[in-house]
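Down below are the structures I want you to see.
There are two complexes below, and they share chain A, which is joined by chain B in the first and by chain C in the second.
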Partner chain A sequence: MVKLTINKIPVSVEPGTSILEAARKVGITVPSLCYHKDLCIAGNCRVCLVEVKGERTLTASCAVPVYEGMEVFTNTLKVRNARKNVIELLLSEHRCDCLKCEKNGKCELQDLAQEYRVEEKSFIDLSIGKRIDRSSPAIEKDDSKCIRCQRCVRTCAELQDVSALTVARKGEHMFISTFMHKPLADVVCTNCGQCVNRCPTGALVERNYMEEVWEAIDDPKKHVVVQTAPAVRIALGEDLGYDPGERVTGKMVTALKRMGFDKVFDTDFTADLTIMEEGTELLTRLKQALVDKEKVALPMFTSCSPGWIKYIEHEFSNNLDNLSTCKSPQQMFGPLAKTYYAEKAGIDPKDIVCVSVMPCTAKKYEARRPEMKASGFRDVDIVLTTRELAKMIKQGGNDFRHMEEGEFDSLLGKSTGAAVIFGATGGVMEAALRTAYEIVTGHEVPFPNLNIMPVRGMEGVREASIKIEGCVDAWKFLEGVELKVAVAHGLANARKVMKQVAEGTSPYHFVEVMACPGGCLGGGGQPIPTDMETRKKRAMAIYEEDEHMEFRKSHENPEVKLIYDDFLEKPLGHKSHELLHTHYTKRMTK
Partner chain B sequence: MSSTAELVQTIVGKHGTRREHLLPILQDLAKEQRYVTEDAMIEVARALDLSAAEVYGTASFYTFLEPVPTGEHVIRICKTITCYMKGKDEVIKAIEDHLRVKLGGTTTDGKFSFFAANCIGWCHEGPAMLIDDKVYTKLTPKKAIDAINEY
Partner chain C sequence: MVLDRETKLKKLKEHQTKVNMIFQDQDCGQMLDKCLSMSPDEIIAEVTESGLKGRGGAGFPTGLKWKFAAEQKSDVKYVICNADEGEPGTFKDRQILEEQAAKVFAGMAICSRAVNASEGIIYLRGEYNYLRPRLQEELDAFNKKLKEKGFKFSIIIKSGSGAYVCGEETALIESLEGYRGEPRNKPPYPVSHGYMNKPTVVNNVETLVYCAMIIRMGNKEFLQLGTKDSRGAKVFSVSGDADVEGIYELELGMTIREFVDLFGDGDTKAVQVGGSSGHCVPRRDFEKTIIGFEGVPTGGSMMLFNSSRSMYHVLHNYLEFFCEESCGQCTPCRVGSQQLLRGIEAIKKGEKPPEYLNELKKLAETMKVAAKCGLGQSVPNPFLSIVNNFYEEIIF
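For the complex of A and B:
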């Protein structure tokens, strides 16, 4: 352990700890902009300056490790003045229009300017004019708000291994660019929004569709239904004054009803449906491979994460057959709302506006894919992120904390624990195993309390194998088969698994991939900040929610049973194919 | 295979496919094609298993690899302070008038591009410029135009 003092307070930390992290350990905050817990150190913003006794100049505390006997001062006049100058310099190149900015009130630069009482531009104004890229339906990039901290570049490279963003040119002309400065929509960006979640300013934000939703609600001719994804309920609270990991499911439902949605449904319902379809698809593929000896693409990959889908379409387009043909739960919900529900409720589907609340920016893109019109209409009309919903709840003027607990509406609102865990990495796998194992053997998965621990956790790639024993007659060919599965989250980890597949060495039958670190709970549309600590707390909340559910297996969802009896007939049936399954597109590789 | 792809393959074959080979590859490409083309960057990205943006980011950092189309000959005039003090602005004006192109542009016949460069190391004999690889120093408006007329 290394011993040092910070503002005369003795501290002892592991060797290699930075001054900034050591200070945080004893409750001293040093301001930072380019630093992010998930990313490597860049040391380029200089706002974290501190004084180290014996050093001639001030030190960037995020980039310098502690040493024995170090004496650090984080709050001297010299330090404060220097930091203020740094902030002023950043602002001199910044198009300050806070009032119109998506990040107003949630901006790390603005917070610092306020803290250091930087009230106006004290240097010459070097800000560039508006330079906004709105080519993507999911993400908006505004270079005039960028402080060039490169969190986005590091995110896209380190966490996602996509590197759609780069640092282009140099010196005063340096800017964050795509390949040849092309619009985001024309490059390999997956719309995952991980960069958005880490951008300290308004330079990268989600496309905001709040007004469209208010307008639809206000239109008496429209019947506006909303679906909420599993990972929203365990994170929404963070933007409304709760601590990470607090579940606000019931209050969220009430808030949505008060906002004026005609029906509040649950994406969990279609998550369960996904399991029915995808589980059956997996078993069918296994039968084709093992019994019929057909050539069939294995491992099968999950397809609920639209960032992952766009990624594989770009980078591994020869392996599109390995993807399950199941749409994501969001896109299963849309057409069912405009067919099944419309029919039952006696509403003309053309009057239905289908809104979804997602932890994800890529879902905004997914909803606009041209093929997503299975109902004959745009299946999902408007997609909001968790952050946008929090803003709308505040706009609605309701006291969230004291709201009573509401219940989802029926027909498309019933959920199980299996659906809830879709929000965590490994959750789709666990849900699929709970159901598939039972279909095949007639009894529950052999894990205590249904908790399949080997697929849980935050390890980048996790594997598990389950020996299938005691098969019922229809599935006898699976008797004794060792089912090998893997789970990957974050596209950098997905690439590792995909490389094996491309090289023909993948040992797995079934692989779950989520584009975002931690799965949807760490999605690009989730409250900021998201880092390992928050991801772990959100995951705990998800598994807690699962344990509290009346039903914990997708095939036990009564509304799922009902929709198969009344409408879809059977998994992979004709209607399912029409409404719930999709196809994929090869895209440019670079 | 396209001719760009073949060219990239030859150059990559010469240098290797590791990340540190990117720069020499780009330099050779700029030599062969006068500037680094979009297609070439994509091919390099494929060969080195990098994203196209990373290749572009690296190329765009260096004035001499700037991925913009250039004319047959590239004039680069030093834009730094010593050359400024020794009168680079008049030289620039004269060249602009002579070539009928603004600094940063390319003549309509595609013969010359006229760029500014960071210090080229001839401060003691400024103003200085390069035409392709050849250095011209102690420039006056007339000397500069004479130099251009050599091409």
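For the complex of A and C:
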């Protein structure tokens, strides 16, 4: 342990701890902007300056490790003046229009300006006019609000290994750009929104579609249905005054009903459906490979994360056959709402507006893919993030905390614990195994209480293998097979797994990939801030919810059984192919 | 006392007979033999006792740097010769490389023995690429000689990426590694985590030549020159309103007055010591200002201004340079430089009152202590020294 003093308070921390972290440990806050717990240290914003005895200059506390006997002062006049100057400089470059800004009230720059009582323009206004890139349907980039902290650049490079964003030019002309300064829609960006989630200001935000939703609700001719993804309910509370990890499922449903949606459905229902389709697809591929000796692409990869889909389309376009052809649960829901539900409810599908609430920005892009029109209409019309929903709940004027618990509407509203865990990395794998194993053997997966612990957790790549024993007749060829699976989250980890596939050395049968660290619970559309601690709390909430569910296996979902009986007939059947499966597109690598 | 040009040149010649280490021809084979006859500790002691400080601008004691690097335990260590020379008005490293490249190589080899490094890299300013074929030829011969003499060390040349900031040692290393030339956070310093995260000594071209000479001749001669804080001599690039221009090796510790008498045109009103990032010394301070680490340190650039020059324009030029050449990553430097520039423009145009200069001075003080690297930290040097000494020229 290293002993030092901060503001004369003795502190003892692990070697290698930064001054900033050491200070936070003893309850001293040091302001920061470029620092983010998930990212490597940049040390470029310079608001975290402190005084270290014996140093000629001030020290960036985020970037400098402590040493024995160090004497740190975090709140001297010299420090305060320098920090204030730095904030003034940032604001002088900044197009301040807080009232109109997406980040108003949730902006780290604004908070600091308030804390340091900085006047908006103490220096000469250097801000550039609006320079907004709205080419992507998911993400909006506004250079005039950028403080060049490079959190986005580090996110895209370190966590996602995509490097769609780079630092361009130098000096006064330095800015955050893309390959050849192309619009975001024309580069390798996956729309994952992880950069948005880490941008301290309004420079990177999701495309906001709140107004479109209010308009649809207000239109008497429209029948507006909403679906909510599994990871929304365990994080929404954070933007409404709850602590990370508090589930607000029932209140969320009530809030949506009060906002005026005609039906409040659950994406969890189509998550269960995904398992039925994807599980069957996996088993079919295994049969083709093992019995029919056909050439079939293995390992099979999950396909519910649209950021991951766009990534593989760019980076590993020779391996698109390895992707499951299943649409994501969001995109399975859309066409079912406009066919099955429309039929049952007797509503003309052209009058149905399908809204979805997602933890994800990439889903905004996914909904607009040209092929996503299986119902004959745009399957999903408007995609909101968890953050947008929180804002709309506030706009709606409802007291969320005191709202009663509501229930999802039926037909597309019932779900199981298997669907709930889709929100966490490893969840799709666990759900698929619970079902597939039982189809093949007739009994439950051999893990206590159905909890497949080896695929849970926050390790970047996790692997597991299950020996298949006691197969029923139809699946006898799988008797004794070691089913090898892997789980990766964050695209940098996906690349590790994909590399093996591209090189032909992958040992797995089935791999789950989620574009975002932690899976959907850490999605780009989730409440900010996100860090490992928050992600772990959200994951705990998800597994808790699973344990409390009446059904915990997708194939036990009564509404899923009903839809197969009434409409789809069987997994991978003709209708399924038409509505629930898709194809992929090769894309350029720059 | 205004001397005519002839007399100045004569006096300079006299000076040069006393001080002639950099451009004196030497047998590099003998230098290497001498080096081999000494232990690493002895080499470091010899350099340390000479009092030599880095000639690249920052003035870090060279012996100490080598000692730190020598103490690191690592299978691979590097010696980098900083030949990025980007400071406007500085061209001494170019001349040294043109005339005495072998001595630069020898300095690197000596360093390699001192710190136990296996690879040497010369980071050559992009604009000096025309030197490369000749340098490479000499280097090939030198590498061969190293091998013959049993050194486990060889040197390669890499071209710089054309930005001033890449002369800053950690930006230089980033650039060598193929990244954008952005200075790193320090600590850790290159001596422990440098190129490829391995212990690395970065030295200026001129520093390395002095090292070679100190090893060749012992440090006695070096110690006789200069002052307590500024041992030895250094190479100056003299430009501006000068009667005599060019590259001269001069003893450290002379006053600006003595310097101006040797080089000036008789009407010198200010000398910018150390280039754009250095200090501007006004005429009234010529006598009392010593050229050296106790007074005004310099990487070698000496620019003279006579009374026909507008110091506003001089400052304006420097600030424009920094607005352009800042790497742009840190707030105080990227935005601060622009504010200083736009600020003096606004005052000049009457858009801001003269008192606004006080805000700018406070900002300059912040930049000194808040910027991430030497570039941003030294923008205030020309700013404050010109604004404080030529207030009227800035305001009116």
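Throughout what follows, the second predicted complex is superposed on the first by the 590 of 590 C-alpha atoms of A that agree within 3 Å, B and C clash if a C-alpha of one lies under 4 Å from a C-alpha of the other, contacts with A are read in each partner's own complex, and residues count from 1 in each chain.
Throughout what follows, a residue touches a chain if its C-beta (ideal position, glycine included) is under 8 Å from a C-beta of that chain, and two chains touch if they have at least 3 such contacts.
Every value quoted in this text rests on a predicted model; they were computed, and no experiment measured them.
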| item | value |
| --- | --- |
| Contacts of A:180 with chain B and chain C, given as first, second, both or neither | first |
| Partner chain(s) touched by A:43 [first = chain B, second = chain C, both, neither] | second |
| More chain A residues in contact [chain B versus chain C] | C |
| Which superposed partner A:167 touches (first chain B, second chain C, both, neither) | both |
| First, second, both or neither for A:577, with chain B first and chain C second | neither |
| Touched partner set for A:80, first chain B, second chain C, both or neither | neither |
| Touching partner for A:188 - first (chain B), second (chain C), both, neither | first |
| Partner chain(s) touched by A:561 [first = chain B, second = chain C, both, neither] | neither |
| Chain A residues contacted in one complex by chain B, in the other by chain C | 167, 169-170 |
| Partner chain A, residues of chain C touching it in the complex | 163, 165, 180, 182, 185, 187, 322-332, 334-339, 342-343, 346, 352, 359, 362-363, 366, 368-372, 377 |
| Residues of chain B defined as touching chain A within the complex | 38, 41-42, 45-46, 50-57, 60-61, 67 |
| Residues of chain A that touch chain C when the two form their complex | 41-47, 49, 56-58, 60, 63-65, 78, 81-82, 85-86, 89-90, 92-93, 122-124, 126, 147-148, 150, 167, 169-174 |
| Residues of chain A defined as touching chain B within the complex | 157, 162-170, 177-180, 187-188, 589-590 |
